[in-house]
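Read from first to last, the chains carry the letters A, B, C, D and E; within each, the first residue is number 1.
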Amino acid sequence: MTEFALEEMILNMGPHHPSTHGVLRFIVRTDGEMMLRATPDVGFLHRGIEKIAELMPYESFMPYTDRIDYLSSLNCNLGYALTVERLAGIEAPEKAEYLRVIGAELTRIGSHLIAVGALLLDLGAVTPFVHALRERETYNSLMEMLCGARLTHHYVRIGGVAFDAPDGFIEKALSFVNHLEYEFLDEFNKLISFNSILIKRLANVGIITPEKALEFTLVGPNLRGSGIKFDLRKDEPYSIYDRFDFEIPSGSGKFGVQGDAYDRYWVRIEEIKQSCRIVRQAINQMPEHGEIKTKISKPFKIPAGEIYVRTECPRGELGFYLISAGGKTPYRLKIRTGSFSAMTIIEELSEGVMVADLVAIIGSLDVVAPEIDR
Amino acid sequence: MNPYGNIFVFFIMGFISVLAGMTLVRIIAPQRPNSEKNMTYECGENPIGSGWINFNARFYLIAILFIIFDVEIILIFPVIVNFRDYLISGRGAAAFAEIFLFVAVLFLGLIYAWANGYLEWLRSVRKQLRVEGRIMRIKEIIREESDMGDLDA
Amino acid sequence: METKKLIELLGEKLSSFIVKADKMPNNDLLILIKKESLLSVMDTLKNDLELKFNVLMNHLGVDYTESFAVIYNLYSFKLKKKVTVKAYMEHENPEVDSIESVFKGVNWFERETYDLLGIRFRGHSNLKRLLLPSDWEGHPLRKDYIYPEEYNGLILKREENCK
Amino acid sequence: MLERYNIVNRFKEDHLFITTKVETALNLARANSVWYLLMGLACCSIELMQTGGPRADIDRFGSLFRATPRQSDLMIVAGTVTLKMAPRLRRLYDQMADPKYVIAMGSCANCGGPFTHSYSVLKGVDKIIPVDVYLPGCPPRPEALTEALIKIQEKIKKEKYLMKDET
Amino acid sequence: MYSLADIIYRRMTETFGASDFLEPLFTIVSYLLPCIAILGIVSLISGALTLLERKISADIQNRIGPNRVGPFGIFQFIVDGVKLLLKEDIIPDAADKKLFRLAPYIVFSSTVLAVIVIPFGGPFIVADLNIGLLFIVVVSSLVVVGFMMSGWASNNKWALLGGIRSAAQIISYEIPVALSLLTVALITGTFSMQEIVKQQGLYPWQWFILHNPFTFIAFFIYFVSSLAEINRLPFDFPEAESELVSGYNTEYSGMRFGFFFVAEFANIFVSAALAAAVFLGGGNIGIDPYNSPLGYKLLMALVFFAKALSLCLVTIWVRWTLPRLRIDHMMSLCWKYFIPISVFCLVLTAAWLVAFKGNSVFWRIAG
């Protein structure tokens, strides 16, 4: 066998690159096709949210939780609100809980649409990405009806929600969910999911065994893609998730080894279906009217204490470790996000992989810059 | 009026139209070069090392295989042009035998290359990486220069 | 498996190391340990057959103005229980040994704590700044941190009046 | 080097922008095909993608998204510019081919927005690159971004292009 | 052996009377006239294709394509061209200046060369060389030189990767293209394009695509390989936005990039026109093209353009539906599947002709 000398060059998949979602930088040591190592260099979107949390009173920190993961801002709101409520011992009223769950699951659908679309855009299929954007437009108008904002919702308040659902929202949400589950996903799967080129590009790429996933503390769809059926909504039910029945999709080596990029892609598509089911059940069970926000003391203070609460965000487990020293502002707030641990595994997976595969791995792990840098 | 003259005229006209375009740009378009602008684009970073690396030998291998098969095509041309006349004059079988033999020998070349794995794009490099020691050596290099992480300015 | 049974189990397994153990809200359990015994506690928590706290959920550092603290949240698939391990250390050049040998995934968590709080981790494979540019002075999350006025020629005006 | 055309503007004194016939045609051409650089930093990048999507489609104005700064003439700074990103953003702006314009999209790019209390955020992108249109909103709606693009087009249409090159 | 230049030369000598004083002027004009006309038509078509691509991609993605310039955005490509003319032309310091400037010249003129031999229906062909098909196969490999040059000269790692990949891709896909064109040359016995078109007929069963099952396969191999030859998705490596930023034209700006853009779309039209002429009987409606009234000649040209344009639409349609292949898939697809199949097609067509004495499948109807 001829001995091919490995002429290494250092390549900058730099902060401004179409396929690094947002501003991530990879210093890639490659010989043109084969990659020896892709060392990530993050911090280009570090805005110091945890330092700002120490200056802001509890209630007015809520808009910043939108910007932790701007694709699923309502889930982050929910996580922060639950942390503060549990530490302060407040209970949200019934209707507010339902409105929260409906908003959270709709945001999960919207976030997965962009996650799947961005992966396909990196693999060169532009049309499915734009179709996902079209569906997301309906989601945006739904959110605009509910909370007044398209992207950074700022809808959940400590002790309840900000506005009641306007009339017409329920029908529109139901029709959106039905259209999505019965018409859009079938058409989407026919168009791209079972396309043989996509299967060749995603199967057996970036294989993460369950042990390696646990070792690198992967969470959310990345963990479930490797076959571990762990979902906080089922294993640690918070809010009212125990009243709905839905399955947890997990990677099963559909077109290749279990835990490859196709499994993570397929888990996200299945999760959209499950979220549609939850939204439908939540809409049916929601009480007609009831107050949507419990009163909280004006200069809102929390007795000293520490708490760690984690909720299931589209990109995995979003944990808030809150230490309060009894004052109006938190003493220390640590935000643990799903993409943070997903980044550490990219370096591990990138050995002996082609540039095109690295792009597929980053897309399948669905990494978002603000979640890593906060 | 030799029709091959057209080839020369077309080539020159192609050149002239691009030349006209570029001189028009030189006249009309603004020209404000500065050192920052003329730095090579590397996703917003200072480029590390030069862009002129000697790329891997697998491209050379593809070129060799290409030459073999292109020469084969050139040598078939005469037979193909006269094939119809051979058919009409009844000696079609001889022409077919000629094509078949020539192509079969070269097809064996392709089979040989295929069996030896020259057609694999990456396997050859990945197999070479698996040679014992080799992977360990690369891991040490990367561990030594562990501060490759922040090469920024 | 309620927390009382878990406290006894932990008490019997790590009796010598635990300084104090009490309940935390959100059915969590806080264990206070000395900073020297961090590695051994983590090792037993992860590899002990009964406990099997194999998932490291979260890690953070806290600046208590007169001392620093390092907090690890663990979760066990077997027991379906959460545990929080906390260790205090002195305020001048805080140093604690890194548990990267036990939990490989903590690499970036510790780098971020070093970057933002300045806690050094002995034995960490690649302890460097993660989020801030490499030529940044100071560690922002400390309570006594003064905002820089200017960085590489860019003036940073900071409003004082954020109540 | 060939001397540049200097179509003398007869009414030099009053600063009324009287563009000649040729210039109006050229500006019209330049205005209707503004190719923007894909510069998505934070939340505004999602709205930037939505503007490229089906509902508010900026492809109608003839503007494609280009991946390299060489071929793009409009840079939409969509998101928070941190101090680590600032030198790279400045380099990307320099590497753009010349008649170039900048839209500072979102309050983060205009003045640091909600992150004025942060230590690592640049308070406004106009500290490092000249900005043509400031687009308020956090994140601004796709219709607002389309209106900013139209403002850029109007600015291009009124520009004196074939003047003596003073700079 | 016949070319448009001859007709013009003869027509001019008749009108102005042959005098050796004017003779060199006549030759120059009779060469230049068809060249300028065809160059104009091809650049117009490639401009229209850029517009077509944006409108069709918008339609596929439920968007509205460019509609601000002229009715339905027709003049968008003219506006794009003028804007590119007005952009600054950056030549990086680290680049190899001469090669960097020369690359668009090579790419554009080699694309234009291929247009000489394309039979635009009826008598409209610039020069009906008797080695037409061979000429096109040879010229299409000149473009590689341009891409390699632009990739190497701009001293940019992304451009270099793009340049080498496009070179490897184009030269390896040239073999299936050449072999599938040769299967048709076997049937016609000549390379001159007008002859190939003349031997086909108006009805589909007289075309070479349905001549025998192997030419049918050869058509599809030709079409997919020509997709790879012009770097169109799913073989989009050289300018794969998501991987190599913008491949070999990363460093090019302004009109220099414009010429790459026009050359790429001219290439699409050329390969579609070639497929239409060779396999789909372009511009042949059963009438002798030379001595028929002008109306019929225009009809033939129309039929040819309809076929070529439909293939262009398929190219654009494929681009906006399929994801991109990885480079080792593409290489193994070419060397392990396309080349063996096209070699079989060549040999088996020869066997077919010998067995059926040169007749097609539908020889009873085709006559």
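The working rule: contacts are C-beta pairs under 8 Å (C-beta built on N, C-alpha and C of every residue); 3 or more make two chains touch, one makes a residue touch a chain.
All of these numbers come straight from a predicted model, not from anything done at the bench.
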Ordered by label, the neighbours common to chain A and chain D are B, C, E
Return the chains common to the contact lists of chain B and chain E. A, D
Farthest from chain D in C-alpha centre terms, which chain would that be? C
Farthest CA centroid from chain E: chain C
Taking each chain's centre as its mean C-alpha position, how far apart are chain A and chain E in Å? 46
Whole-angstrom distance, CA centroid of chain B to CA centroid of chain C, is 54
Measure off the straight-line distance from the CA centroid of chain A to the CA centroid of chain B, and report it in whole Å. 42
Give, as an integer number of Å, the spacing between the C-alpha centres of chain D and chain B. 39
Mark out which residues of chain D touch at least two other chains, giving numbers and ranges. 26, 53-54, 67-68, 70, 84, 87-88, 92, 95, 98-99, 117, 119-120
Tell me, which residues of chain B touch at least two other chains? 26, 28-32, 37, 39, 41-45, 47, 53, 55, 121-122, 149-150, 152
Where in chain E do residues touch two or more other chains at once? 61-63, 86-90, 157-158, 160, 164, 241, 245, 250-251, 254, 327-328
For chain E, which residues count as touching chain D in their complex? 54, 58, 61-69, 73, 76, 78-80, 82-83, 86-90, 241, 245-246, 249-254, 257
How about chain A: which of its residues touch chain D in the complex? 14-16, 18, 22-23, 43-49, 51-52, 55, 63-64, 66-67, 70-71, 114, 130, 133-134, 136-137, 140, 150-152, 369-370, 373
Can you list the chain C residues touching chain A in their complex? 24-26, 28, 30, 54-58, 60, 62-63, 71, 73, 77, 80, 82, 84, 103-109, 116, 129-133, 140-141, 145, 162
Where on chain B does chain D make contact in their complex? 26-32, 34, 36-37, 39, 41, 44-45, 153
Spell out the part of chain B that touches chain E in their complex, as residue ranges. 1, 3-7, 9-11, 13-15, 17-19, 21-22, 24-26, 28-33, 35, 37-43, 47, 50-53, 55, 59, 62-63, 65-66, 69-70, 73, 76-77, 80-85, 87-88, 92-93, 95-96, 99-100, 103, 107, 110, 113-114, 119-122
